[in-house]
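Each of the two complexes below includes chain A, the first together with chain B, the second together with chain C.
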Partner chain A sequence: MRSVIEVNAVSKLFADSEEAPSAHVLAIKHAELRVSSGEFVSLLGPSGCGKSTLLDIIGGLEAPTSGEIVIEGQIIQRPHPKIAMVFQSMSLFPWRTAIDNVAFGLELKGRDPETRRKTAAAMIELVGLKGFEHKYPAQLSGGMNQRVAIARALALDPDILLMDEPFGALDEQTRRIMGLELLRIWDRTRKTIVFVTHSIDEAIQLSDRIILMSARPSIIREEILVPLPRPRSIESLTTDIANDIQRRVWKALLEEVDERHFDA
Partner chain B sequence: MFVAGARRHRVTIQAGVVLGVIAFLFVASRINSFIPSPVAVFNAASDLATGKELYWNLGVTLYEALVGLLIGTVLGVSLGVLAGSSRFATEFFNPIILALYSVPKIVFLPLLLMLFGVGLAPKIANATLHAFFPVVLNSLVGMREVKLLHLKVARSMRASPGQTVTKVFLPSMVLPVFAGIRLGLGLSVMGALLAELFQANAGAGYLVHQFYSKGLIGEMLVVIIVMFILILSINAGMKNIENRLSRWRAA
Partner chain C sequence: MSGTSMLRRKTKIRLAHLAFVSLFFAALEILVGSGTISELILSRPSKIGTRLLQDLATSELWMSLATTVQEVLVALSLSLLIGTSLGYTFYRFRTFQQAVEPLLVAFYSAPAILLYPIFVFFLGAGSATVITMAVILGSVPIAINVAVGFASIEPIWRKVGRSLNATPRQMLFHILVPAATPTIVTGFRLGLTFALVGVVALEFLIYSDGLGKLVSWRYFVFDTDGVYSAIVLVSAIAIIINIALTTFDQRIRRRWV
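Our next item is the complex of A and B:
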């Protein structure tokens, strides 16, 4: 299948600090990744492993120190119009109601008010928030806020959705429910999704493929296919296939700890 | 229930203070003949209420204060946005603004009189100067309070620099800037009054000075009290607008 996202030999160096600009930290080392159209890929790794940085680079928000990102056959220098991003939490504009948050991107594009209202209302309905259009983010729960954030990204009708730990700030139950909701939305919209998470279960529940990343040096360590049938349910996680994948992920993580001689 | 109780409590105390002041005037007027009795103040008030003098001069002062506030707000927000736009700009402007802020603005009045001559202009200029500082400082704070994540969202959706200012920076700044304007209002009235006391031929400050030099202390007190009530009610109105602007905060 055709790759819609190509990550070609991407490395990223960060200046260590303002006081010592010559000391650099290697945030990402030589990352290679292909994502096919309609695929759901998770970037899984511990905090600080550079997975969010890699997502920002794919989103055109950060420039790679070396290497390139190719989106739909075109090398990107800045955010690509066919990509939308969803962030962890508190990314909604608190002074805008749910529907006005969803319409934000359409406003930037200069769409007329009627189109904006219709599209935003449809997106609100898609994420299951009908009736909450005129609530402010402070009046909605954390899970509802993330539904609005997803609707805001979908309103631009992107081909690719980049999600940076979108359910990371939610409690376990809400996180599971949101995962299933996301699968339902994905099923209806057929976007390509790159999903950053540090939760093994979440990665297994959602993805076609898990990209295991390790910290310092931050490299793509292993790719694990998730051949669980779709549509998935809560029970999918308790099947033998899921248990097997879980074991493989843990093994890879523990090997890394061994290699580092428990210096963590 | 608690809120209603606290409110009733507060109103009782405020009414007590007003009665206390009246009682004080009553006693003090018996001891010192320069101090007018509450009855004399009331008579002066009803005299002034029927004439045009009080309204006209209060109108002049309010006009100066509001125009000064308007100019001070435009200048303050503009400079605040400029000063907050980059680290360099903040480090450059911040010490200058803070140094000027701590200087009593009245020292610039002779300069303003020299520059703007007589009439409304120097009084408006003084009101502007007073209103400017809280607005510029709060705008600067507002610029710094913009969430990086909000800017990231705008950037990921390919917002232009202009859209980023109007749809992210300015809405984030509304509440701190408005708080600055509310502070600026009181100060711009003060600026107008100070200029009128110094050198003027119209305005509430001028009227206070006139009554004082004629020994009409009761009339003078009336002007002060009316001015006080006016500022209180404008402030309450502003508070009302502020609550409406921040309704998204209510959970």
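Our next item is the complex of A and C:
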């Protein structure tokens, strides 16, 4: 299958701080990744491992120190118009109602009000929030707000969704439900999704492929295919395949802990 | 808190206000009436009230009021314009802000009003000086609040804008301005209060037409009732403006958080 996202030898160096501008932190070391059209890929790793940074680089929000990102055959310098991002939480504008939040991107792109209203209403319905169009984010639950955030990203009809721990701030139960909701939406829209998470279960529940990342400097450690049949349910996580994948992920994580131990 | 107990609380506060104010005026009435405080220094509230009613029937008072209100409105508009642009410049150019803001705040907290002779020298002892000083007083809190408002918005909102390739203009009007609105409105409220203080103080100091001049003149001729009647009027304007702006401020805040 054709790769829609190519991460070619990407490294990222951060200047440490204002106090010590000469000290640099290597956040990402030589990352290589190909994502095919319609694929659901998770970037899994411990907190602070640079997976969000890698996502920002793919999204064109951060420039790589070296290497390049190719989206649909084109090296990107800034956010690609066919990419939309969903962030962890608090990303909605509290002064806009749900439907006006969803229409935000369309507004920036200068679509006419009628198109905006229709598209936004359709997206609200797609994420299961019909009836809540005119509520403000403060009047909605955390899960509902993330539904709105997903609808906002989908409103521009992107080919690729980059999701940065979108359910990270939700409780476990809501997180699972939102995962299944996301799969339902993905099934209907067939977007390519790159999903950042630190939850092993979440990665297994959702992805076709898990990219296991190590702590700083972040390298792509291992790629694990998730051959669980679709559509998936809550029970998918209790199958032998899922258990096997869980074991492999844990093994890789523990190996890394060992290595670090010997390093120190 | 339930709706009724909230209402009861509000009524309680109102009653306390009323009790406090009545007590205050009653005390004044007794202290001045008994001669403990000279009638040259303070006036009896009952006499101030009568005088205010008489004043309200004269064109002298209404003309002074009109001049003051006009000057405040002009000063406020200019303060909004200058303060907002300056605040945005602060936000955009951090180095400029770091260089200028401390000086501005220092200049501002030292009574800038004392520099009025310079302005009288250049602009004459009239409306121009009054408005200029009021603008200096009014625009600083606006500038500072606008800059703070822009700088302290949720970083993720800016990220959302960048991920959608928002132009600098869209970033400003679709994200920064609405996000900073509560803080900016607070700045406007402070700016208006300071502009009002500036206008009346300068009218008083340089004897330029308006309520400040009226008070000054009445002091000069030992018309104590008249002094307080005018002061009550100035306070009334300040209170009305403040109530209006606080209500507006609260309404906006409710939406934003």
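Operating definition for what follows: the second predicted complex is superposed on the first by the 261 of 264 C-alpha atoms of A that agree within 3 Å, B and C clash if a C-alpha of one lies under 4 Å from a C-alpha of the other, contacts with A are read in each partner's own complex, and residues count from 1 in each chain.
To be clear about the criterion, a residue touches a chain if its C-beta (ideal position, glycine included) is under 8 Å from a C-beta of that chain, and two chains touch if they have at least 3 such contacts.
Note that the structure is predicted; figures quoted are calculated from it, not measured.
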{"item": "Partners on chain A (chain B, chain C) - clash or fit", "value": "clash"}
{"item": "Touching partner for A:I71 - first (chain B), second (chain C), both, neither", "value": "neither"}
{"item": "Chain B versus chain C as contact partner of A:I57, first or second or both or neither", "value": "neither"}
{"item": "Partner chain(s) touched by A:Y136 [first = chain B, second = chain C, both, neither]", "value": "both"}
{"item": "First (chain B), second (chain C), both or neither touched by A:M90", "value": "both"}
{"item": "Footprint overlap on chain A, comparing chain B with chain C", "value": "59-61, 78-79, 81, 83-85, 87, 90-91, 93-95, 104-105, 107-108, 136, 138, 156"}
{"item": "Of chain A, residues touching chain C in the complex", "value": "59-61, 78-79, 81, 83-85, 87-88, 90-91, 93-95, 104-105, 107-109, 136, 138, 156"}
{"item": "Interface residues, chain B side, partner chain A - complex", "value": "147, 149-150, 152-160, 163, 167-168, 171-172, 174, 247-251"}
{"item": "Complex contact set, residues of chain A against chain B", "value": "59-61, 78-79, 81, 83-85, 87, 90-91, 93-97, 104-105, 107-108, 136-139, 156"}
{"item": "Touching residues on chain C, where the partner in the complex is chain A", "value": "154, 156-157, 159-166, 170, 174-175, 178-179, 181, 255-257"}
